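We call the chains A, B, C, D, E and F, going by the order they appear; numbering starts again at 1 in every chain.
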Amino acid sequence: MFLQIENFLTPAEVQTLTELAQQTKFIDGRRSNPHNTAKSNLIADPNEPASQQASQLALAAFHRSQEARNFVFPQRVAVPALTSYRTGMHYGAHIDSAFLPMGQPPLRSDVSCTIFVSDPASYQGGELVSYFGTEEVRIKGKAGDAVFYPSTTVHQVAPVISGERLVVITFIESQIPDQQQRHLLYTLNEVRALEGLKMDWRNLTQMDYAIANLHRMWAR
Amino acid sequence: MFLQIENFLTPAEVQTLTELAQQTKFIDGRRSNPHNTAKSNLIADPNEPASQQASQLALAAFHRSQEARNFVFPQRVAVPALTSYRTGMHYGAHIDSAFLPMGQPPLRSDVSCTIFVSDPASYQGGELVSYFGTEEVRIKGKAGDAVFYPSTTVHQVAPVISGERLVVITFIESQIPDQQQRHLLYTLNEVRALEGLKMDWRNLTQMDYAIANLHRMWAR
Amino acid sequence: MFLQIENFLTPAEVQTLTELAQQTKFIDGRRSNPHNTAKSNLIADPNEPASQQASQLALAAFHRSQEARNFVFPQRVAVPALTSYRTGMHYGAHIDSAFLPMGQPPLRSDVSCTIFVSDPASYQGGELVSYFGTEEVRIKGKAGDAVFYPSTTVHQVAPVISGERLVVITFIESQIPDQQQRHLLYTLNEVRALEGLKMDWRNLTQMDYAIANLHRMWAR
Amino acid sequence: MFLQIENFLTPAEVQTLTELAQQTKFIDGRRSNPHNTAKSNLIADPNEPASQQASQLALAAFHRSQEARNFVFPQRVAVPALTSYRTGMHYGAHIDSAFLPMGQPPLRSDVSCTIFVSDPASYQGGELVSYFGTEEVRIKGKAGDAVFYPSTTVHQVAPVISGERLVVITFIESQIPDQQQRHLLYTLNEVRALEGLKMDWRNLTQMDYAIANLHRMWAR
Amino acid sequence: MFLQIENFLTPAEVQTLTELAQQTKFIDGRRSNPHNTAKSNLIADPNEPASQQASQLALAAFHRSQEARNFVFPQRVAVPALTSYRTGMHYGAHIDSAFLPMGQPPLRSDVSCTIFVSDPASYQGGELVSYFGTEEVRIKGKAGDAVFYPSTTVHQVAPVISGERLVVITFIESQIPDQQQRHLLYTLNEVRALEGLKMDWRNLTQMDYAIANLHRMWAR
Amino acid sequence: MFLQIENFLTPAEVQTLTELAQQTKFIDGRRSNPHNTAKSNLIADPNEPASQQASQLALAAFHRSQEARNFVFPQRVAVPALTSYRTGMHYGAHIDSAFLPMGQPPLRSDVSCTIFVSDPASYQGGELVSYFGTEEVRIKGKAGDAVFYPSTTVHQVAPVISGERLVVITFIESQIPDQQQRHLLYTLNEVRALEGLKMDWRNLTQMDYAIANLHRMWAR
């Protein structure tokens, strides 16, 4: 399931990330997947202060977003990485690693996140494409938008034809690893939030009973 | 979980069962559990027409009760049996068999059902007692009441001190064998039935999405 | 997951279905969901011989399609229904019922199927739209194409602006009810079919070991 | 499942808790559930030394009770809280939160615990009532008794008609979150403890084989 | 897990099978797995009366063996097939099919069974070899013995160096498909059968409680 | 499943362990299982520097072995213990504890490991025997070999008839506790490693999709 959030970043934050991208050094993105020949992008050098500042900014935006947290039930969040696809770059069809070597135990990537920094009018191509068998979902967000999507699908970043696609990417380990269970619980929580005040208190108590016990049952 | 339904049988049906009990022959209830020395009761001989009529009456009552069907998600129902505990009889602490040799494959007993026929004032003792560790639930219904309870608990019928305790008992294989899952789905269905008409249609669609997919997930 | 199959029906079969639709009587589609006010379509009267002939034709097409069977692991297939959306008709956002009252036990709908009969150029609107949170997949197949999609998503048929959208719809109970498990097994079977002959026989035996045991583990 | 333990606290400990309750400050119990209008009780201010001393006393009692530990398979225990229901106070029907914000990750409440401090003759009302559908279990322990019960049921504290109900409450995350699995393993461990020495060593080894592997299978 | 049963067949039955094997026609065993080049054996033509008689004899032996039934929890049994490995024949490393096209739905093979008919001294080679990673279990039973083993392991029949290896093979769908769960329940049932009479009745009731509920939980 | 690795230790390491065994003090192995009367062996006193050096050597060998790590998906490894079975000693049939009190939370033993230090020609008896129902696997490795086997089986160390059996033993908590799931994922990883380079990249991506999602699904 997908959650696209408009204005996940403020215009000022987009501006800051754009400037940090100009100050930092970018290195070959294949560093983390040297065997993936389909990968051609650049990531901000994690040792550079400007890169670290960009990561902190993105992380803070995630932690303040109730909407995002309700959707992903976050347990751990990988350090977000400023990532650049310049003209001709792309990331061919791939599946995100199940476990990332970040801390101990390694972080399981359940939900992937892309935060769009570039204005979509400033580059051609570069859509995020997720495959569902013979059908696909294509996403190209506005500057400041974020999209959360399941790490379990094969997806690609289409080749950038012109311009630069600057994004921040991160991976989240969820308290509820199974994506169908996670979305069912999210859905019931949303119904409760939107309809709960109208309900008879006895029915609301029963709704809470169901939600709390599904949460216990499915959290790993 | 328990569901006690008042007036599950009409007064006329209670009267009919009482009369059928007088017409039929009763045999030793240990027939189906000869090794259970704690069992001391009588069941109506299943070969007698009056016994069969009693079974049909109870089965029809079950099939017409929307309340009961919503609670148990019935898949198969064992032939109900008219059962008598006369003075001094009882059924000591036991667990209901997991599978009953009724048809092929054998019927899994998920939910047990007792329909009370005798007036509770006409006999002393004879309570149905379910054990939950150190605590217990004791039930002695009015004539015509029924109680549905999980087959998974150790329970007993307390000794009858005086009078006769006439009941009909049966066992139900549920579409949802796990009792916690069954009760969660029942609960969400009840909330939907009682609150659905007040909901915004978008939220109601989301509620239906959650309910239908839990039903798919848990039905065996 | 989605599987769109081109030319699932031959042009002659499309022609036959078009003619059968002209011969049969159509009745209000709400018959099976009277409470769904968002439903506005017509289904061929199942008592009419022409309707039954259409159902048989669609069923035969399914049974001959190795591609479809590999994808859905069919256990039971509902009687396909010729369905018409005339100008102004639609089927608002809904979730397919978890269980259909077809036979005993009821048929669990795991995979839904739409077979397109009308030429897509002959009607405006009428797309099948599946929702994945904030994103969607829209499908409008060519005459003779079929699409198989999970019954577990909220979806709609967009309003038909002009013309008539004639389709056949059906629902399939899969041997593997969980959609993620079903797609993983399908994927490994595909890899084995396409790469098996190149493999060392020892590795192929190991691949078969994994596939056979996942199949045992997940079939319900 | 329930476990009521008599004399969980010694008379001296009951006396100490009674005195600590007199020394500490109590604050509104709604602090942790401000939205629950049905909650009306007082908890000892966790910043007060006397409150902390009460918590430590209760925690130590838990850790020394083999009986309690065998029953709950504790993984983490929440800080116990001295809680007071004065005349007119109650805690209406509710479900305990699935996760408590105590430490990182949050503590999942699988088993709830009430330790009775007041003499039951000193207050009217104030029973702990757990609901199992239409039936209920009512508990009012002696001073020094403790009861452990599943956090998964809707329950209430009945209004206190007169006097003061002083208790200590806590919540335990179990190594075995599913309550049915936890109780089955507890049961087999008890049978082994009570009957093991009589068994042929070959059968005892087989019993241990089953118990150890169920423990591996169900611990999360 | 393995169960080898000595004298599963009587000497007279072994004699009868030997004679039936002489009367019937054998056909290429690859019939059921034409793609398996590693398979080289002969099976009795299922259309021949002598073959059918052999199958019935083996089936009857299975149904009368309490020991076998306790071990496999049989739900459906495939028609047993008289099978011959003559000098030079073998069945290379393979995994048994997950589902056999016997009846509707297809039969899931959970447990495989070999009944030895030939005197092991009359042929060289021909051991049944099951692989557990780098280790193996080798079995060559006496005439009349049977072995039940999990269908989930890669196994082979070693080449017959001289003589003829005559066996009957069959496949069983178990009520409890998972092999670890099946063996745990079998183990607890055995302990109960061997130690139950020595137990205090309260502990025996608790043991029955655990066994009945594991049976409900794991039967599919 | 078993994995026997030849030359897990170098000859120099075997020599070092042999010398450390001569320098350190051995204590009664029953220390960790005082109730197990069938246990008769000696373990190196964990407080002795020579014992600790032996543990470190074994641990380092484990961490450098890609083969072992691929097989066990290690999450935590218990401190390896130098263990000696002198003439007449043995460890009767037993099941390894499900949880070892090493750190917090306790370590779940999923995979057991024996590293052979003595030359097998130097002692009689002392085989490691794992039971699979009526069949068994017997292992007596060469000096420097290691064997990894499921902690879930009943096993024994046969009595040492003459000489000394010096081994190092340890226990591993796996990321994938279920042994069948662990072996299926290991198998698919092996096939991918051995055949991946030959595959069309599209099929390899699909294989990776299946492997990554099984890893997410099964890791606890």
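Here is the rule we use: contacts are C-beta pairs under 8 Å (C-beta built on N, C-alpha and C of every residue); 3 or more make two chains touch, one makes a residue touch a chain.
Computed from a predicted structure; not experimentally measured.
Touching chain A and chain F together: C, D.
Counting every residue number used by either copy at the chain D-chain F contact, under half are found in both chains. Chain B and chain F have Cα centroids separated by 51 Å. Distance from the chain E centre to the chain F centre is 32 Å, each centre being the mean of its Cα atoms. Multi-chain contact residues of chain A (touching two or more other chains): 152, 178, 180, 206, 209, 213, 217, 220. Under the touch rule stated earlier, the contacting chain pairs are A-B, A-C, A-D, A-F, B-C, B-D, B-E, C-E, C-F, D-E, D-F, E-F. Across the complex, chain E meets chain B through its residues 75, 175, 201-202, 205-206, 208-209, 212-213, 215-217, 219-220. Of all residues in chain A, those touching chain F in their complex are 38, 93-99, 105, 108, 110, 151-152, 154, 177-178, 220.
Those residues of chain F that touch chain C in the complex are listed here as 180, 184, 187-188, 190-191, 194-195, 198-200, 203, 206-207, 209-210, 213-214, 217. Residues of chain A that touch chain C in their complex: 1-4, 71, 132-137, 139, 152, 178-180, 183.
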